[in-house]
Amino acid sequence: MTATLFSEMETVRFEGPDSENPHAYRWYDAERVVLGKPLKDHLRFAVAYWHSFAMNGSDPFGGPTIRRPWMDRPDAMQAAHDKADAAFDLFRVLDVPFFSFHDRDIAPEGGSLNESLGNFHTIVDYLGQKMQTSKTRLLWGTANLFSHPRFMSGAATNPDPDVFAYSAATVKHCLDATKALGGDNYVLWGGREGYETLLNTDLGQELDQLGRFLSLVVDYKHKIGFTGQILIEPKPKEPTAHQYDFDTATVYGFLKRYGLEKEVKLNLEGNHALLAGHSFEHEIALAGALGILGSLDINRGDPLLGWDTDQFPINLHETTMALYYVIQAGGLGKGGCNFDAKIRRQSIDPDDLVLAHVGGIDHCARAFLTAARIVEDGRFAGQRDTRYAGWQTADAKQMLDGSMSLEQISAQAEARNIDPQPRSGKQEKLENMLARFF
Amino acid sequence: MTATLFSEMETVRFEGPDSENPHAYRWYDAERVVLGKPLKDHLRFAVAYWHSFAMNGSDPFGGPTIRRPWMDRPDAMQAAHDKADAAFDLFRVLDVPFFSFHDRDIAPEGGSLNESLGNFHTIVDYLGQKMQTSKTRLLWGTANLFSHPRFMSGAATNPDPDVFAYSAATVKHCLDATKALGGDNYVLWGGREGYETLLNTDLGQELDQLGRFLSLVVDYKHKIGFTGQILIEPKPKEPTAHQYDFDTATVYGFLKRYGLEKEVKLNLEGNHALLAGHSFEHEIALAGALGILGSLDINRGDPLLGWDTDQFPINLHETTMALYYVIQAGGLGKGGCNFDAKIRRQSIDPDDLVLAHVGGIDHCARAFLTAARIVEDGRFAGQRDTRYAGWQTADAKQMLDGSMSLEQISAQAEARNIDPQPRSGKQEKLENMLARFF
Amino acid sequence: MTATLFSEMETVRFEGPDSENPHAYRWYDAERVVLGKPLKDHLRFAVAYWHSFAMNGSDPFGGPTIRRPWMDRPDAMQAAHDKADAAFDLFRVLDVPFFSFHDRDIAPEGGSLNESLGNFHTIVDYLGQKMQTSKTRLLWGTANLFSHPRFMSGAATNPDPDVFAYSAATVKHCLDATKALGGDNYVLWGGREGYETLLNTDLGQELDQLGRFLSLVVDYKHKIGFTGQILIEPKPKEPTAHQYDFDTATVYGFLKRYGLEKEVKLNLEGNHALLAGHSFEHEIALAGALGILGSLDINRGDPLLGWDTDQFPINLHETTMALYYVIQAGGLGKGGCNFDAKIRRQSIDPDDLVLAHVGGIDHCARAFLTAARIVEDGRFAGQRDTRYAGWQTADAKQMLDGSMSLEQISAQAEARNIDPQPRSGKQEKLENMLARFF
Amino acid sequence: MTATLFSEMETVRFEGPDSENPHAYRWYDAERVVLGKPLKDHLRFAVAYWHSFAMNGSDPFGGPTIRRPWMDRPDAMQAAHDKADAAFDLFRVLDVPFFSFHDRDIAPEGGSLNESLGNFHTIVDYLGQKMQTSKTRLLWGTANLFSHPRFMSGAATNPDPDVFAYSAATVKHCLDATKALGGDNYVLWGGREGYETLLNTDLGQELDQLGRFLSLVVDYKHKIGFTGQILIEPKPKEPTAHQYDFDTATVYGFLKRYGLEKEVKLNLEGNHALLAGHSFEHEIALAGALGILGSLDINRGDPLLGWDTDQFPINLHETTMALYYVIQAGGLGKGGCNFDAKIRRQSIDPDDLVLAHVGGIDHCARAFLTAARIVEDGRFAGQRDTRYAGWQTADAKQMLDGSMSLEQISAQAEARNIDPQPRSGKQEKLENMLARFF
């Protein structure tokens, strides 16, 4: 292993809010105990292999702007090794506990299925070696079933059953690798599982294919004794015009339909929430209420743009509320905060990549500390509980527990000739209360 | 009964495409048999009481522009009778087979729950009388649980259990009335079942209240022997910032969660689909695939505006595709095409109301005839079936029917070292084929 | 004058960030000198008469929820006096330096034009009396040319010239009143100056009507010696489908077309910016660059909703950036920060109205203090200047000042065979720098 | 020249509406005279070089799916010649009167500015040869100043003056080439002329750079005697977060600011209109009213997606209305209908490309024929004129022509105590009238 882009850089350390060092954490004090455990165990930050090491700045209107040494190596497997060296160097610099990857991020496509699988396992083995001397563990693995032309009409939902089979083989090996590397989760994002036009699409058929595929994965997980979580990552659109895993509520219905709601949880992303017309906190709170919150792809989108900008989060108000609902839902468990965030096309210096992560980690840490103070303060939850206190009476409970029928409730209401009066929702008062924590 | 706004108008008749008479149908030949039954039985058009007789043109930035005689009557119950007279006159003019209403559209709010219920039943009786001499039947009834301040924080989802009880009583009576008037469906649209801010909202509690409420309604339906359909009408936002019945997929998950997916279907609206980020045809096709397509609120929204404009449909391409997927889903059954559409604030003449319906009915009839030709032609469905033909092989079926495991599929794929090739989706070719039907 | 809703309330005072008193300012220390003058003179806060005293909580799906004593008075002119008493009491409670109004907010529509004008002047006189014992001054007046049915097809842009004349008369009197009350600005918001459908609209004709109308107003301003600013408030849509004063850039082009760009400035609103697809800071920065920044309607919209929610601002990041660009543009001058913000429909208690303003004022003060620190720090502006430093060379200046032609520049580029290299835009680094100020 | 992908294909001919031949025009009868001239002279269809010959189906989530023979040639200049051969073969097949190109579509980037210019002129010469035996002429040329990394922070608006110079040289040569090839227009689309974040942007500086650049181009046009039109193509966002040429109104203001409104017109695109929150017909009608309508990029976007999908148009209602306003504006003059439209990523067969154009041409022809019938019928324009008839009176004209002051108009209105009554806007009636033409 030779020198990498990052090998000269020192590990970023916590120096406190007053530090003027741009390469220091001001808020992310990893070992600081909050709500009963260290900050690092709440947040479980991960660096995403694709955005950090494979992304090159190209967009639909222009070619690569970001060039890294490993991108120019003629030998694809050597490039993959170099990339891994650089990746683990960056993990060290950031002192980050986790990383995440797609098969194709770490290893090149081969000339055939078997060669691709071979390439993949070779690099998985190399990552395993790297991990022996690294503190950084695997948050999740996943398969890229959307970039190659063979997937252009879907992977599990492809009209061609051979693509289904190809995808199944790929996921089988990715799951094996994720287990081998001690990953805590396995993620499925259905990049091409959707449609461009209903004119050529059999919606019912494709949904059934997708349901079967997921069942196969769940069965296999149990068979091999993988104890991590299986996660679906919702996204409503892009690249396809309609993606089947639209949002939390849609995936919940899908899981219920195929009897998988106890087997699969969600990996929620801020930008994807936005594209679906939701706030990130809504998606988190809903997943919490439905018992399927798994992990976060923590990033931000631009509400004025209609595509996945995958930016590093910077808005304290929004991130704090997102993490507040994470705490309300009982935390992230085996999940974590994965930076599915990319530096801008114009951020071409290696230091831009480092600073983006330093800023993102610090931002989330600060937001979490703020959310924890809101929780510890308790007034917020208290106000909410007071609002619903009426439902704690015996009469009210009877309406909800099934012991009264519609006509009984109606008869009672008519007998009392009830006239319920509106009560203030106190939104602005609550917003003012919230402002005190920032 | 005295003369109404519409009593001088003659019934609108079918005169064929070449008619220059603006008060004639050019396409809606009610008795014309298509796909095995008369057009009127496919489309089952309904006039919506609220937009046609209660709406006054006011908007958030201005007061009423549309004044009807019954709106100025000082006696609210007399006004309600006059309104009913005018309504049935318009039904006669339009020769429309159905109408639909909320309790509050037909009868005024009283000084108490019991007085409101009394007013309601008085007018329901009057409607019953009117129907004896009318050809127009009731497509669906529903309760307005969103306009009065008592519902400002929700009806079934209100933090105050008395509002839940009040709502239950109201729906009980509306269901009784719908049955009494021979209605084919009962609709629930959750106008305030949502939230303005998560800060004061207990999402899990509110969803459970909503689930219980719907169960109560379904139980009561069976108890009284109402044989119509119970329908939920999805809408993603407006008036609340987030409505619980977001879209087809969300409501499906909700029904599954509370075990009601065999009891309740959907009343889908074009404008609501748009607000949720979907095409109308998507919502219809998905509901068809999930087996929960019930009825349509047929209107159009403006994709450039973010609120419910509820306009009469005018875009042949869009309406044809919507109705094509209705046919694919097996038709509307007990449902129909309800004009949840309102004339513009500037369309203040009574004739505007008549012409809007004539145009809307004719437009939908033409779109349906076009959709039927696409179905009869068969090439479309044929192309689609061909695309998925690979799934008809025995090997492919094995992957879907559960008889192969992930590792078996993977092993087979590796043994064959498969290399599936992309095949054209032929979208433009299909679009050209479609263009021939317009 | 009798007791009002607010007469028992004490004036809200600055108590500093640690105060737990919800009726105290924590950041708004009016006399604190920042960037050379007191905070109050930078921000020039105003309470909006319409949202605070006329708005009743109704929305397109429901009636009034907010009831104030003056709303139930049978005598409209007495109600207007009572409303004024309450308004000035609230101004005192908030210790706010300015207010703003439409003619129709303060005085009721009469039975004719002349009666309406009479009502208006009567109340204007009364406001004049109230102001003699109040510290609160008039930020701006304006005319409501959108609520009454006569304006349903536009005011200045109406197809009926009598509506143009009616509007002209109304604005003439509103401008007279604004001058009489010592107002610093006169605002025109074109609530119905737009179209619902191009089918019945003569775009060129309507734009010319609007241009002429504005010219008439500007001429009259000079004639009567009104030394305040004339402001247009851009909004892209709602209530009409397309509003002519879409955004900053559109209004700039309109002003240039009619030769008014030196006479008229802009009153920019956060929510309107959002509806136009812009950030508030974009609209402010652009107006600054074009020299037409006049004043702010400071509120927030919901990026997930497509209508004007007019909420009180709560997002520190956004408000800070907005005010940063205000400072960059040289400040608000005669303009101010007008709370065109309304409490939510469920916020029905009088205290909700007070707290909303306390929170809004405090939020903006804190954001301004933060923006001022960014300015004083200077590193931000410094980074930007460095980025463009190349344009300070003599050669570069020649390209911009017109002394080189295209072929000369080309010839020189070819002679040098230049190969300009991309330089990092450092967006994430700048975002991290920014985070230090929050 | 050897065989190309299209050399075996026969030229597509007009066969009339009943033809079942997918490779025939059913509506585009090029020589048919409508509104006084042949259809081909109204529509002036052009094939876009980039989407038809350079686009390879890649998107942000996947690599190329579309492979053409010239894309795999190792010698870039030979590939460019082959591509030109194929292009002119497709032009012949489609019998299309025009094409359009960017420098980079037709010729490869070289190792330096001068080499790139050399490559470009070599291929321009070759195109000139091809055109000698082709009926297809050049609608417009343009420069790609957005794909290469050097343009990542803008071309004319780059912080680096050398990029400005590089861009100037490139445009100079593209304009030379456009003139040499007899092009009717030269287009500027500012793909990177905008910003990603205001944090590193000097808005005023960049707008001035852009204004100067455009002035240089206009001056050079006159100097070399290029008699075609200079066109700006508005787009609001993508690739940048904010593009300076946002929409028609914005560009109009920009032209006025730099005194270029008589020198430059607009090339309007349907998808760009949509991204800006406008209908295509709005942008066309507004450009017509402002006298700056130049040409059309005729395509469609997806109102549910937030990026440029650049699809072939298929919605008759929308295209008809767009072309109706083109006719109202006096037609396209030297402009045309350029298919800035690309086949879908899954449409990988060469025949997909042919059919897409056949469908698009036929669709537009049919829409134009429909629009022409609406114009010839005259009732539409008649209804509109009637609506504004009041402005034809002498009194009304006085208000508009500047001969009355605000106080005179007001005095007259008060003297008459006018009470203008609302009149129906008849939107639904007009929509019904319109439906008759489809």
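We call the chains A, B, C and D, going by the order they appear; numbering starts again at 1 in every chain.
Here, a residue touches a chain if its C-beta (ideal position, glycine included) is under 8 Å from a C-beta of that chain, and two chains touch if they have at least 3 such contacts.
Note that the structure is predicted; figures quoted are calculated from it, not measured.
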Of C-D and B-C, pair with higher C-beta contact tally: C-D
Identified repeat of the A-C interface (over half of residue pairs identical), from B-D, A-B or A-D: B-D
Whole-Å gap separating chain B and chain C, where each centre is the average of the chain's CA atoms: 40
Euclidean distance of C-alpha centroids - chain C vs chain D, Å: 36
Residues of chain D touching at least two other chains: 65, 149, 152-153, 196-197, 237, 277-278, 304, 344, 346, 348, 422-423, 425-427, 431, 434
Complex contact set, residues of chain C against chain D: 112-114, 117, 149-150, 152-153, 158-166, 168-169, 171-173, 196-205, 207-209, 212, 215-217, 219-220, 223, 236-237, 242, 246-247, 249-250, 252-254, 256-257, 276-278, 281-282, 285-286, 288-290, 321, 325, 380, 383-384, 387-388, 390-391, 393, 395-396, 399-400, 402, 405-407, 409-410, 412-414, 417-423, 425-427, 430-431, 434
Of all residues in chain A, those that touch chain C in their complex: 22, 26, 65, 274, 277-279, 303-304, 312, 314-318, 343-344, 346-349, 351-352, 355-356, 358-359, 362-363, 422-429, 431-436, 438
Sites on chain B touched by chain C in the complex: 57, 59-65, 146-149, 151-153, 191-192, 196-197, 237-239, 241, 275, 302, 304-308, 344-346, 348
